[in-house]
Amino acid sequence: MTRYRIIFSGSGGQGLVSAAIILAETAVMHENLEAVQSQSYGAAARGGATRADVIISDGPINLPKVFQPGILICMTQEAYNKFSNLIRPGGLLIVDSKFVKTTQRVDARQVELPLHQTVMDEIGNPVVLNICVLGALIGMCGIVKKSSIEKTLAEKFPPAFMAGNQMALDIGFEMGFEHAE
Amino acid sequence: MTRYRIIFSGSGGQGLVSAAIILAETAVMHENLEAVQSQSYGAAARGGATRADVIISDGPINLPKVFQPGILICMTQEAYNKFSNLIRPGGLLIVDSKFVKTTQRVDARQVELPLHQTVMDEIGNPVVLNICVLGALIGMCGIVKKSSIEKTLAEKFPPAFMAGNQMALDIGFEMGFEHAE
Amino acid sequence: MGKNIAFVQGNEACALGAMYAGLDFYAGYPITPSTEIAETLAVKLPAAGKKFIQMEDEISSMCAIIGASLTGNKVMTATSGPGFSLMQEALGYAVMTEIPCVVVNVQRGGPSTGNPTHVSQGDVNQARWGTHGDHSIVALTASNHQDVFRMTVEAFNIAETYRTPVILLFDETVGHMREKLVIPKEGSIPLVQRLRTSVKEGVNYHPYLPREDGRLPMSDFGGAHRYNVTGLYHDMWGFPTDKPEVVQELLKHLIDKIENNAHKITFHRSYYLEDARTVLISYGSAARSALSAVEQLRNRGQRIGLLELNTIWPFPAQLVRESTRGVNLVGVVEMNVGQLTQMVKLAVGKPKKVSLINRVDCQMITDKDIKKVLRVLQGRGV
Amino acid sequence: MGKNIAFVQGNEACALGAMYAGLDFYAGYPITPSTEIAETLAVKLPAAGKKFIQMEDEISSMCAIIGASLTGNKVMTATSGPGFSLMQEALGYAVMTEIPCVVVNVQRGGPSTGNPTHVSQGDVNQARWGTHGDHSIVALTASNHQDVFRMTVEAFNIAETYRTPVILLFDETVGHMREKLVIPKEGSIPLVQRLRTSVKEGVNYHPYLPREDGRLPMSDFGGAHRYNVTGLYHDMWGFPTDKPEVVQELLKHLIDKIENNAHKITFHRSYYLEDARTVLISYGSAARSALSAVEQLRNRGQRIGLLELNTIWPFPAQLVRESTRGVNLVGVVEMNVGQLTQMVKLAVGKPKKVSLINRVDCQMITDKDIKKVLRVLQGRGV
Amino acid sequence: MAKKKLKEHIINRDWCKGCGICVAMCPKNVLELDQEEKAVAVRIQDCIVCQLCEQICPDLAIEVVIEESSAKGEPEAKDD
Amino acid sequence: MAKKKLKEHIINRDWCKGCGICVAMCPKNVLELDQEEKAVAVRIQDCIVCQLCEQICPDLAIEVVIEESSAKGEPEAKDD
Amino acid sequence: MDVKHYLRERFFPHIWCAGCGHGIVLNALIRAVDELQIKKKEMVMVSGIGCSSRISGYVDFHSLHTLHGRALAFATGVKMGKPELNVIVPMGDGDALAIGGNHFIHAARRNINITAMVMNNRTYGMTGGQYSPLSGIGIKATTAPYTNIDRDFDTVELATAAGATFVARTTVYHVKQLQDFLKKAIQHNGFSMVEILTQCPTYFGRKNKKGSAVDMLQSFKDGTVPIGSDKKKENPELIERGIFVDKELPEYCQAYERIVEIATGR
Amino acid sequence: MDVKHYLRERFFPHIWCAGCGHGIVLNALIRAVDELQIKKKEMVMVSGIGCSSRISGYVDFHSLHTLHGRALAFATGVKMGKPELNVIVPMGDGDALAIGGNHFIHAARRNINITAMVMNNRTYGMTGGQYSPLSGIGIKATTAPYTNIDRDFDTVELATAAGATFVARTTVYHVKQLQDFLKKAIQHNGFSMVEILTQCPTYFGRKNKKGSAVDMLQSFKDGTVPIGSDKKKENPELIERGIFVDKELPEYCQAYERIVEIATGR
């Protein structure tokens, strides 16, 4: 039984909860997997660091929260400071190189990607950053097929958004794929 | 241990609850007796027959309600119809001869007194009817001293009311005393 | 006889007890059968230079007394079933913020508007669990005016000592009936005054940091210390937090300060328990009938006794256990479907020994009713 | 994969279940963590030609659904702790007047405003006893979206069958998390439609005269029969009365119709109970962790099982008794100070066998937490 | 509209509580309270069939019955 | 009142959330958001010390410090 | 007309005290309904708790006797649940404006087609004569033994400000006007409110030495004037009677129909 | 002035979103208090629940963060309990006028010396953007996906009709006026209400395409006029700013003092 335990973390406006939902929804709707998604709510969410948890598995999932993520994505310094110590030994830590200075030493593979920079350079609109993150994640780790993500995006967004999303997904996927093990 | 169980019954405006309270209060405040008083409340009280219960004793009283009155006073036909069957065998039933036609046969001494008529004839104001009732009751049965009732009346009413109350009490007392056993 | 004797309704006895205890502020909304408490206080409080206000409803009444308590007043409200249901949210707020206050519920027939002018003891479990979330609560009751008075005074004492709302759970019969009340001399029932902080102005005051003994000294609003009060989980300064360890510690504190002091706030009366083989447990007006039944059966030679509870919550499990040890039959006399009977069963440990003796038609249970059920329970038929 | 699969929050699953059950009318007031139920229905109901209204508060929401139910609609409201406290008075009205309705409480940390965005199961006893007066109530819960959906449908079925409010007692974790939901085909969960009277216009209809089977056929407001509905004790025509025999009979009816049918409305799931020597009993999101713990311990050879309750009230005492017969240890896993544990103790009869395994810091209890306590209970230290 | 003609006052003695409102409000002083404090029409001949007594009786105890011929007529509006 | 003279803008970067309100509201276009989306005073010389930025900042992150000499002066009332 | 056609006779004589104005309101209401020729099965009375609220039990309509202060909230459910029904909500001043004030202003704001009758006797009759938000300063009540310091609402102004689209005031002395206003209110498409000054001789009257029920009725005659009357200028204490607001604005249930159309794409 | 003197710095940066108008209200409030030279220990803030209500936690006054909608009821207890305190009650539009509407009108009616600030962002911010009784028809919200059919209250009219003796309205754009009105409201002896139009860019703004916080601020400038402005005649949609009511009537706690005098025979 494969089981992915992923935390997306960053700040409120970055759309990381959406990214988490898209990922989990794709697993369930298009890959016949089980997935559970949850997130932090409330004052914690309005101010400081957001966090969205995703567990994906080919068998039933009982616990809905991630305690030790195998994959941790940090899109702000604050998120990195708060969550990086949670990571499972030998896990994967993805950070945006613009926002995060990786200071802590963690027993995990740390990958720093210039996601924000690239999105701004090539698309010029930060709203698709979250899709780019998603692209990088699946480029690096698989989890679900890129085409499945595309299906979900097509279902959830109006056609006008498709081009931007697709570009962001592709950019992210490529950057991630380079770091795939 | 002597124990008096008394029900005053009649209609809302007749002041019978007050009469009951005065009696019980007199027993407690001026005769060192125990007394418990209770009454019917609510829709029953607003419309139909009022009922006020008094128990007087020289020892502690547990039950606050009268189930079988030794003395029952009925000041309306409705009250008579409703309550006369409650009376304790051998008890005393006092009714106002103007308002009540004693129809039922009860195993009790029935005394019909023209209380209302006499009050109207001699005082001309029905508000003191209840005091007259009280006078009749203690005239007939004792229970508490007349002078004690007078003390309570003096405590509870402004001086302006004293004369009327006293007259009513006296009238009632006399009428009652005639029927004392 | 001096002025210290009064012939009053139970509701008046409660109002007089509150005045004795030092009530400063009352807010309420009329409802049968508790209205006379407000009506009495509407006369007494202004005459003592203290505050009375009739609010727009029960919710605001409960809120207003909490606000007034924070400015250093001893406070109370009174209501009955429907109003008590409406107060539940704000009652929980007082629990969470540890604001001393006394809430009277003169029980009438429920559920819903039910039977406003008749008696019931149906709100016992609501008093315990009516507001959302885990918590503990104190609820006292009484069967006669002397105890109504005394329990009212103790309610204020407990509220101030433990910084908690205290519920006075009376019933229509006791509330409405009149009997003698001997008003205790000043000082004869000790009064607890609010524990105020000794922390000086300018020095850090922690409104929600319990002392060693679990007590929390207060500082009046308008006084030297400015702090925050919130119904959210909060830290020792009174500021919101959702830190798990702080949350858990606060909840434990709220519960422990009551449960661990249960023995100190357990009031009761025992009648003929020494050699009793049958024990009745009762409270409120039902206990009057229970006592009457017990005395009659004693006269006939039965070894029967009565444990009358004045403290219902925290449930005096230990007292009940001790009072029923070695007893054959425990009869719980209450005017509901057995709300306290469950607690007695848990306390006694042998649920089968415990039977409910009740009445649920909004009529006062009588000595006869009780004797009848006892005969059956004792295997002697009807 | 067809359209019958959805990836949704528990709150959405509840809303979808309600739509499936035939919800006609929703009134509510937003509150975390239940708001998504309203938000989903604000989209779905108008699109189905049905009614959605956001009221001025929770009290009016509860009142509005009762009013709408009387005109023949299937109705629901949803809230969380503080709002649920506010609904207690009107909830009791629905109990007394026997109006079918469904009330969702997605539990958050209490008491008071507590911890709005975190999980708790602290309202279990409030669901039972929150409104004043004796009464019975139905409360269902679920640990996963499939059951959230199904229990929501069953809530409507029970409400309509027994003419009673039914409480859906979910929790923040289940309400907010997203997982797969397979939407059952139309007809695959049977729906109960309201039983309407067959009495013709002009013939005497007794709205509150139960049939032999205890059921009360209804007549919609606006329909052939004009009758009275009141929260006061009432006779078979729905008119107020305080006649003791009528009062008692009505109260008994209100209680019996629930308690005597407990077996018909008991929903649960059993896992590995057959040979279990240790049985966990749990419900709501806590049951997810309990199942996880049980599966891990089974893998290590322990004879442990799980009884997951979907029906909390009426408490399934018989089921619990049967499921724990001959068992050494019963662990009740819940996120409160042991509210259901007491009921389990009473049901099991041997209170000492029953232990609470809980968490009260508004964090989800984990498999680890449970395993740790079990080790201690089994005498194996930490 | 045809002038209405009185047939009779039906006064429901079970419902009448003797408040005296009809007595005081009747513009023609037609009504009185009797010994038992129940309303009775004593000066029927003076009645102008304004029906105020019927409409203001808080106990709904009075019916002013009009002679058949005009019974279907609208009651006269009266107000200040 | 003496014309106020600017000493400095103290901008609390920890509190500023970069909403840009001060930037937009400043009548003299003195302020800008920097790379990190924090307000900075870039055209200090243009500042007329109206203190609007200070008073409208929703994060209470700006203090417009006035030269000592006139520091005690009342802030100028300004409204439409 | 046959009054009894509209009454549940077996509950008469009613529970109200002798001379209580609530009976006059009942009397006027059934006449209004009769004149409008509305079928009884199309009428719903929703009331709260109070002496006034008992009115709903006496009429042979669909009747819903609810909780103190909440009648308009229940009524909102009834009306939205079946918009074709005529929904009337009789309330005491406490019921409507003390505990029920919030539902009062919100029902008015939504302009839902309900008729609210505020039977204003300036006291809580049912619980024995406490002061209400309409008692006014200087009044005596069991909870205001030293006179009341609570200012009173102007019900008409409050309803108007809250958004009611039909607002009127009259008294039980003015029975014809009362019938007329009730008819207009019921016919109005939107939230209508009629304030009816009425007497509680038992508590308000007795406590405040207002004399008999007849005296109190008389005081409604003497103490009120039609809107705009010159007398009001001389004596500002006089209370105006009449229709203060009568305007058409989108009714709530009808507006909801539009939402359904949008949502279903009809 | 030293803003931080009035703040509980350790809770900053505050929890409000970037550009949220609530912070501007906080900013204005402490300036108003500073100018009035009221001691911090004489100030009490009593709030309910909502983003707006969090304001009480940020000021270094006595602060009471209560239940949704109930702040004015708690405040009534605080004020009566210690009338010498200045009691300020900040509320969101939902807090003040949805669930809290009844306490709002009753506090106004009593004319108790409390200052109510209604921070009107036309939505429930805290719970994520549902419609409120001040949203108005046509607005979109998470619970009004097909647009809102609920009419809005006019807060000023409602407060006036309920009896408030100081009633004003302004916006967070007009910071100086805001400070001024708050000062006057605090100084007023009686119930004062200041409605403050403020922006929730996160929910109301986003759902209704109102642009950035700056755009929304700008709309307060363009969408409002001083009371009596001619522009309003041309464009009735414009909202008036200014002081609508300012009158002296007996204050509740002072009136109560008189009752004590009567009762004690002083």
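The letters A, B, C, D, E, F, G and H name the chains in turn, as written, and every chain counts its residues from 1.
Going forward, a contact is a pair of C-beta atoms (placed from the backbone, for glycine too) under 8 Å apart; a residue touches a chain by one contact, two chains touch by 3 or more.
Predicted model, so just to flag it, every value in this text is computed and none were measured.
Of all chains, the one whose Cα centroid sits at the greatest distance from that of subunit H is B.
Among the inter-chain contacts, the highest number of C-beta pairs connects C-D. Centre-to-centre, using mean CA coordinates, subunit A is 55 Å away from subunit C.
With each centre defined as the average position of its C-alpha atoms, the distance from subunit A to subunit B rounds to 86 Å. Distance from the subunit B centre to the subunit F centre is 85 Å, each centre being the mean of its Cα atoms.
Residues of subunit D in contact with two or more other chains: 32, 43, 46, 56-57, 59, 82, 89, 93, 112-113, 116-118, 230-232, 240, 242. Across the assembly, subunit E contributes no residue that touches 2 or more other chains. Contacts with at least two other chains are made by residues 13-14, 16-17, 67, 98-99, 101-102, 106, 133, 146, 150, 256, 259, 262-263 of subunit H. Touching subunit H in their complex are the following residues of subunit C: 24-25, 27, 43, 46-49, 51, 53, 55-57, 59-61, 63-73, 75, 89-90, 93, 220-224, 226-232, 239-240.
Taken together, the subunit H residues at the contact with subunit C in this complex read 8, 11, 40-42, 44, 46, 56-57, 60-67, 70, 73-82, 84-85, 102-103, 106, 256, 259-260, 262-264.
Within the complex formed with subunit F, the subunit H residues making contact are 3, 7, 12-14, 16-24, 26-28, 31, 172-177, 179-180, 201, 212-214, 217-218, 221, 226.
Every residue of subunit E that touches subunit G in the complex is listed here, in rising order: 14-21, 23-25, 52, 55-61, 63, 77-80. Those residues of subunit C that touch subunit D in the complex are listed here as 59, 81-82, 84-86, 88-89, 92-93, 95-97, 105, 107, 109-118, 120, 122-123, 125-126, 128-135, 230-233, 242, 244-245, 247-248, 251-252, 254-255, 336-337, 339, 342, 345-346, 349, 351, 360-363.
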